[in-house]
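Next come two complexes, and both contain subunit A; in the first it sits with subunit B, in the second with subunit C.
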Partner chain A sequence: MKKLLALIMVCMLLLAACSSGSSNGTESEKGSADANEITVWAWDPNFNIKALELAKEAYASENPDLKVNIIENAQDDIVQKLNTSLSSGTTKGLPNIVLIEDYRAKSFLQAYPDMFHPLTGSFETKDFVQYKVEATSVDGENYGLPFDTGATGLYVRTDYLAEAGYTVEDLQNIDWKEYIEIGKKVKEATGKRLLTYDPNDLGILRTMIQSAGKWYVKEDGTTIDLANNEALKLSFKIYKELVDNDLMNFHSDWNEFLATFNGGEVATVTTGNWITPSIKAEASQSGKWAVVPHPSLPGMESVNASNLGGASWYVLDVPGKENAVDFLTKTFGSNVDLYQKFVTEIGAIGTYIPAAEGEAYKTKDEFFGGQSIVSDFSKWAEEIPQVNYGMHTYAIEDILVVAMQNYLAGQDLDKVLKEAQQQAETQIK
Partner chain B sequence: MLQAATKQTIQQKPRKSNNKLRIKNGLIGWSFITIATLMIGLFYFYPMAQALILSFQSGAGSNLQFVGFDNYIRLFTDPTFIAAVKNTVTYLIIQVPIMIILALLISVLLNDKKLKLKGFFRTAIFLPCITSLVAYSVVFKYLFGSDGIINQMLINFSLISEPIQWLTDPFWAKVTIIIAITWRWTGYNMIFYLSALQNVDNSIYEAAKIDGANAFQQFFKITIPMLKPIILFTSITSTIGTLQLFDEVMNITKGGPGNATLTISQYIYNLSFKYTPDFGYAATVSYAIVIMIVIFSIIQFKVAGDKNA
Partner chain C sequence: MRIKPERFRHNSLFSKMFLITVLIIVTISSLITWTTFRMSEQFFIDRFSFNNSKVMEQIKESLGTFHYSIVIASNNLMNNGTIKGFLSGTHSNRMLGTYYYNVKKQMDNIKTSVEAYDVEIVIYGMNGVSFAVPERPSWAKSDKVLQNHFITKNTLKHPKKLLFHLEHTKDQTQGGMIVASKAFMEPTSKYIYGTMYFTIQERDFRKFYNSYTSLGNDVLVMNQSGTILSSNRTELIGNKEVELLDYAVQLEKQEKKYMNADFKGTDHLIMIEYLPTFDLYLVNLIDKKAAFENIIDKKSIVLICLLFIFLAIIIVFFASRKVTNSLSNLVKQIENTPKNEFDRYIPETGTYETRQIGQAFNSMLDELHEYVNTLVLTQKQKRNAELAVLQQQINPHFLYNTLTSIKFMVQQGGKEEAVEMVNALISLLQNTIGNISETITVKQEIDNLKSYALINQKRYGERIRVNYFIEPECNCIQIPKLILQPFIENSFFHGFNQKRGGTINVLVWKEGETLICEVLDNGDGMEVSADNKLPHTNRKRERFSGIGVRNVDERIRLIYGEAYGVTISSKIGEGTKVRISLPFGQNEK
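What follows is the complex of A and B.
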């Protein structure tokens, strides 16, 4: 009997501890809403988190009352946490501000309406690069404050090009056909493949079609546009040509990707400007690299600029949202000096147009032979055609990866795209 | 007659207090079960029922609507799901038998009375099972990379001239996954066989030896029949494990190239977290796994066809 009593007492103690614990939790949460405290989630300690810390510093000098908690999570974790919390209808434990990748943004905004706080009117949309504003808005309402640009460029090894008899001038504003021709010569001269890609990641296709103002869906963001998408067809053909001519090296993960170009295995890298720090990581290759505009699609309306990746800030509709909006608009939304710091201290290129006039943007980079790559990238960023990414980029891409495999294995292009279109239409409603 | 009468009188007297005691005992017994039952009900059966309800709904994120059997119809026309099932069944058909046979052979070898360093070998073979799924998957990914140690070894031994694309070729990626899960789970199954083998009476083997049975005959005529219930058990658990395969594929190939190594569990993950979340359809796919596990288990029971199994 004594034991039973003891057990019951222990149980009650535990229960009491639990319940008091949770009430403490709600108290502190309420407290945070009142007592000027906001929480921000982002990924990548060397990039987004650093940017946040700089923003926090800048904001604190004028508004010392607000406490900003910066919490680092992996991107996948943020996506999962948001999905599980928002779908259960609770915002408890969610931050005030969250970073979301542009390709995923609409999926969140449309899957969980009313959970995000609109930012329309709280910042000047025309001060930001247009494609970015489009990516962060739904039905004319702005939900995201644009952050970094994924403006793409073609990073080239000038020494390999020289061996094949080319200079950087020959690669300015070329299209993919010319790029392949140059690639063949470079391979003959140096034995190096032209570029490296992960067969599971069709990022290269996304950059190709966006340079022609196209996407996997039409402008409404929901109509699947695969079978009759001329830009996509051409991109498939170019991809196959790269593979068939053995110009494409395959890697299976990020580390292999880095190892490939840091080890000098490929002559070019075509991707977003966020790769710059990784390219510069191999100090021995200093002066051997240059960046030229992204190739365009030949024979159709297409520019020498495109985008890959990039993310923006979103405010969740939870207590403290006014503070969150204030924090965002006074830092990422209007602070030119802050953007100069992003460039000098992190190498992050924002999409805030007035910032491009700043000194830091014009710095010449010795690693790239004295080229001022930051101002080049922000110039290209303004040319990027705007497209509606819609909600289903990754779902469609997984279908296209299979289509690409079938096409590379020798199936008819129209047939594989038609099948992909059908599959996407049944899968996405 | 007299005996019966006394028995009755003896029993009748303490019946009242006996009844009380029985009720009390019953109550104590029930109170022990209630907690567990409530917990299981709350944390197992309630979510299962909710998932079943969820599987009849569809929509993006929180905009769920009842769609009746649409999700189940969609399963049969969804090429990605069909590809995932094909892959999973391929793993099942190729990997489970290989693993079971390997585990059997190893356990018989380790059960040899004359073997030295038995403890060491046993530990060495069991060790993979206690490694973290993610950790070993990542290691395998590096081993099988295109310039990984496996390729370098094969090239240095002049077995191949070009590196095998273990992770980016549809066929070899499947092989890699099969090698990985075999490595991880063989030792686990071996332990079951070992413990079963130790329960087999040695006199049976002695008798067989005296009758002139060779090692093969002993293995097929004694060991296998004696281990039959365990073989059934391990093949069912392995089947369930393979149908739920997730960590390895997620970490080694991410389901690629294309969806050449995609498993059903990973498809569920993709539907809920990678794409615009459709939790309703994801729940439907998970119920498809439940149904498949039930069917496979019934088949295995029928094939093994033993009452005491």
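What follows is the complex of A and C.
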């Protein structure tokens, strides 16, 4: 009988061991997730995600034990998730590293400073272009590790310019006034409009005012600066001039935008350097393009360089942040070779200054008539004036879209901007 | 090899019992398991069809909500003046810029009704302009594609209807898209000025039902031509399943909720609902095998059953062995009892029943012993009584022969002799008939012998002489009556038939604890049979009492046991020797 009892006991123990075994398994898995895994969120599989894959590859030789999970989400989803979690005061379910667009970064950093892990001192800020460092810092504390530059340039069709009697040299370091004059001639000669823009996107205004070191807000990042912003006023005027002279082609979405310049409908494209792959997508136009410095604002302190877009890496204050910082600083923060790969494999231009000395940066691009556009762009990136993007770039721009339409419809500029200022002040408080 | 059947024979009860129990356990467990499987399967089918009809209702409802929001959006688009202006007539670049701005405003507004879903709205005018919020879907990359697309053509063919299409790109990463389309039509003049497209990713459309699906429980959305627009089984999307279309028609005809049918070679439970607003079929496929096999973990149930059967068998094995062991032990011992002359008792152990049987058996043995003992005793007593009776009988021939002798003596004037003979007769009768006790002393027996010898000598002459040699200490030893007399008598009448005369010597002495009496004659002698017994004689008339030579030995053995008795040795022509051994002292048995 004793033997029987023992047998039954053994069976029960076995059953118990089985069921408890499984729960043990999951617990240990969780533990290891904290220790040797980090998660990164980013958007755009052809750009940011590819860059992360390269960085992960490069980091594997540094620390093969760390598992890097790269998760792709749409930018809007990332913004929504961050907002939802951070405003609820929790970091549960958030990644270790997240990519945030520079225009939006401040809205997170200023609203939830405790949720982010400061990177001050963990990388050499001197090695990065200054406007980018400014965009990723709050109160002297660095929160983001700068990634790609949105340095703008003026992509021009040399064949159209030639028809109007211009060479690339004539377009070096011009201002918007000169640019419009050239545009008029080109239109006369070729019938092509100068540039194309989406009336619902005022990116062109942003590049104009940043070239003069101005923004929709003052340097403190909060004071709305519309009504008395001379740079903005001038930008509005230039925009209207472009429209009035029918130099501005309109498109309604991204696909139309690409179709317009790939189809040779416009003579120039003025936007961030990230458009390069799209321009090169139309192989038949090889050799017909060149890139010149971005036009400056005439009659005021303005440089021939500006920025449109760009994003940076941020570390959230969640377990595993040390690993995350280590991953970032050893890849995006210091690896020159990695930046060469970004250029050759993705066409991404970083803001890490030492990288510009690399071979890939100096490569001549036959599509652009043998121009070393990467090295040009990184040179211009260093000249981009620092501005404080503040927290409300897109909210203010929504107001300005309306203001622009009113202005184009014939309303007085000062009145339009004053109304926009008032509206912004009431909305953003 | 001979041991095994032997063991088996003793355990046959156990083997039978154990085998039967195991058989029953296994049969019952298998039956119960099988029944459980069948019942639970039936139960699940019932549950599934019930639950899934509810689920279908819910899916229908959420699809209805989705459909309604698209209808609202399409109506708003249709009634919007800005959009109508945008889509009809030709515009300059400048106007287009303003339109893009204004249309976006309107569209953003209209989009709010489908905000809950990831829907991309595209409007496309007959004048070649288009606008999309929030983004252009990948299937309509350019206006040219849009213009020549089968969806556009279809829509223009049925301008009044909201049509649902599947745009199934070959690119696997993109997945399919569900496109609802409708024409912009002037209500009065029937003038068509454009088309609108509501695009939802198939994987987003799947969300309406995906949470209700599981392995083997699939949902499909199928159009009137049998093309699968959406399904959680992505490999089916875009396929034409005429089979399912048939079932849909059948179900509609029979007005049944569900049916059992074959789909792609496996047994399915199929529910089909027609969605009138979509003009689509909602199909729920339940793969019986996959769905139910997954729910009932047959393997673990069988394993658990086997484990319990195994445990039960072990318990039965030990328990029945314990029960039958005591019984088979009992049987073994009972079998051995005859070998041990019925005097070994069996142990009373084991269960109540076997203890009782053991007790009964033991008390039976007791009674048997008692009965046999009584029987032996009565037999003895009976024989004793018989012998005693014989001993009391004085042969009347002896008496009247003796008396006749005395009469002749008296007639011849031998007065002295006659008296002597009468005295001897008196003494003899006194010791035999008068004395009622069974035993007498040696001295009395010798006196009897003397009296008897005297009578015989008087009757037949003095040619046989008798001598007595008695150890004095033996004189008062008690011995059975008339044990020496028959041998003297025998010698007198048979020992001297050839010889004219002789001597008979009677010797009594003690040898250890044994009293030895010997009657020796030097007469004719005789053939002694192997058992030392005297030959039977018919001369009863000559006898003194009922006791014959043959009875003596029997009587001694009866009284004193087998260690004592009579031995006879004889040689023809030399004489006969009779030796009687008796216990010294009164140790009668």
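Everything below uses one rule, namely that the second predicted complex is superposed on the first by the 396 of 429 C-alpha atoms of A that agree within 3 Å, B and C clash if a C-alpha of one lies under 4 Å from a C-alpha of the other, contacts with A are read in each partner's own complex, and residues count from 1 in each chain.
We adopt the following convention: a contact is a pair of C-beta atoms (placed from the backbone, for glycine too) under 8 Å apart; a residue touches a chain by one contact, two chains touch by 3 or more.
Owing to the predicted nature of the structure, the values given are computational and were not obtained by experimental measurement.
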Which superposed partner A:Ala111 touches (first subunit B, second subunit C, both, neither): first
More subunit A residues in contact [subunit B versus subunit C]: B
A:Trp254 touches, of subunit B and subunit C: first, second, both or neither? second
Contacts of A:Arg193 with subunit B and subunit C, given as first, second, both or neither: second
Which of subunit B and subunit C A:Ala395 touches, first, second, both or neither: first
Touching partner for A:Asp317 - first (subunit B), second (subunit C), both, neither: neither
First, second, both or neither for A:Glu72, with subunit B first and subunit C second: neither
Partner chain(s) touched by A:Glu219 [first = subunit B, second = subunit C, both, neither]: neither
Touching partner for A:Leu86 - first (subunit B), second (subunit C), both, neither: first
Partner chain(s) touched by A:Val243 [first = subunit B, second = subunit C, both, neither]: second
Intersection of subunit A interface sets (partners subunit B, subunit C): 199-200, 250-253, 401, 405
Subunit A-facing residues of subunit C, complex: 93-94, 96-98, 100-104, 130-132, 135-136, 141-142, 307, 311, 314-315, 318
In the complex, subunit B residues that touch subunit A: 58, 60-63, 74, 77-80, 83, 141, 145-147, 165, 167-168, 170, 253-260, 270, 272-277, 279
Of all residues in subunit A, those that touch subunit C in their complex: 1, 3-4, 7-8, 11, 193, 198-200, 243, 246, 248-255, 259, 401, 405, 408-409
Contact footprint of subunit B on subunit A as seen in their complex: 76, 79-80, 83, 86-87, 89, 107-108, 110-113, 115, 199-200, 250-253, 256, 391-392, 394-395, 398-399, 401-402, 404-405, 423, 426-427, 429
